[in-house]
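Note that chain A is present in both complexes that follow, paired respectively with chain B and with chain C.
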Partner chain A sequence: MHILLVQQSAPYGSSHAKEALDIALTAATFEQDISILFTGDACYQLMSNQFPEHIDQKNISHMLKALPIYGLEEVLVDEDSLNSRGIVNLTDSPVLKKITKSDIKKIYQSADTVIRL
Partner chain B sequence: MILHTINKTSAHEGLNQQLSDVIDTNDSVILIENGVYQAQQLSQHSSKHWSNTAKHIYILKEDALARGIALDTSKLSYINYAEFVELSLLHEKVTSWY
Partner chain C sequence: MLGFLLLCEVVYTQHEIKPLTLHCKINVIDMNISILVLSAPYSSQGAHSAFRYTQAALKSGNKIHRVFFYQDAVHAGSCLATPPQDEFDLYTAWQALKQDYDLDLVICIAAAARRGLINEQEATRHNKLSHNVSEEFELSGLGQLVEACAMSDRIITFGY
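And now, the complex of A and B:
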């Protein structure tokens, strides 16, 4: 049973990013097989040099670094979304992998459940 | 002379198009909240895009730093909250795009 969690929201303007991360961590804690795909504005979550203490928020990119500790090993990002937004500097993550449109189609087709947030 | 604030990314095409349709050459724009991400794409737009009509484009420093937007884009003026207040008083009205 494979779950695909698709993130589409930027990190701080709404609570969507945080809530999606909570779902991922909860699923991983209960030993579910879950992958996260960052597409569209969610790619902004992966940018390096974020200092959200200026707006009294927690740094979401630090939480992303902790994902492997919870057994979440497949963290994917849509390369086209990164390129169209001019995002060059990504936060360091041992599990983050860039993928193309055709890979995304395969992942959607092979997952048992897809959650889009 | 309007001060426009926009708090959404360029992915919100309808919103950005509406701003482009109504903006005048005397108007200025402030990028706030998720609007600051647009700083990275300002050079990529057509002549009809709001960024090529606006007199000045400002960006709120706190929101840019929070999101990892480097403070080095030449097209933009970086402002703090006090300067935001000052600008809102210097314009006839403030319009929010959200």
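And now, the complex of A and C:
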């Protein structure tokens, strides 16, 4: 059973990013095989130097750093989305991996369940 | 001769159609589906479509393992919402569907609590004056969504 969680929202404009991450953490806690894919505006979640405390929000990149502790080993990001947005400085994470459009197709095909948020 | 040919045609057609129909029925009836609803009632059509899809799936003989309400969709469980009388009442529609099919309607407890939706038990725990979740809905954790992913043939998401 492989779950693919697709993140497609920017971090603080809506609750999508945080509540999607909560699904991933819960699935990992229950020892499910889960991957996260960041595409489109969700790439902004991965930027280093975020200061959301100025708008009374929790720093989402801190939660992303904690993913390996929960046993979540596959965190993927669409390289095209990063390039088209000019995002260069990413949060330091040992599990974060850049992938291409053709890889994304394969990942969708191999997943049993896809949840997009 | 013509009659014989016609008879052959009918027999041939029946033979062709029968196994196909049987094949479809087996596939449809065996499906075990879970629904993930994300959008708020009346703000997005997704909330309404989720209901219509669930109803159609049940009517066509499928099994709905669970309907999980997350994000703004948690408002579907409110017992205080009162839509105008000339509009479709999505709240009582879910409640009636639960009673008809013994559906498992689960609202994410964390998403609900931060949006002001709590049941009697939570109201007591957090020392609140009142509660507003219909008794047809159960408040539970995200683990219920993860379990639904593991147990269902399909997860269908509505609203983003």
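Everything below uses one rule, namely that the second predicted complex is superposed on the first by the 117 of 117 C-alpha atoms of A that agree within 3 Å, B and C clash if a C-alpha of one lies under 4 Å from a C-alpha of the other, contacts with A are read in each partner's own complex, and residues count from 1 in each chain.
As a working rule, contacts are C-beta pairs under 8 Å (C-beta built on N, C-alpha and C of every residue); 3 or more make two chains touch, one makes a residue touch a chain.
Quantities reported herein were computed from a predicted structural model and do not represent experimental measurements.
In this overlay on chain A, chain B fits alongside chain C without clashing.
When the shared chain is aligned, chain B comes close enough to touch A:Tyr12, but chain C does not.
Using C-alpha centres, the superposed arrangement gives chain A a vertex angle toward chain B and chain C of 100 degrees, stated as a multiple of 10. Once the two complexes are laid over each other on the shared chain, residue contacts for A:Asp22 go to chain C alone; chain B is not touched.
Applying the stated contact rule after C-alpha superposition, one finds that A:Ser48 touches chain B and leaves chain C untouched. Once the two complexes are laid over each other on the shared chain, residue contacts for A:Gln57 go to chain B alone; chain C is not touched. Aligning both complexes on chain A leaves chain B and chain C separated at their closest CA atoms by 14 Å. Looking at chain A, you'll find no residue that touches chain B in one structure and chain C in the other.
Of all residues in chain A, only 1, 3, 8, 15-16, 19, 22-23, 26-27, 29-30, 32, 112-117 touch chain C in the complex they form. Note for the complex: chain A touches chain B at residues 10-13, 40-41, 44, 47-55, 57, 85-87, 89.
Interface of chain C with chain A (complex): residues 36, 38, 70-71, 110-111, 141-143, 145-147, 149-150, 155, 157, 160. Against chain A, in their complex, chain B makes its touches with residues 7-11, 33-34, 37, 40-41, 44, 62-63, 65-68, 70.
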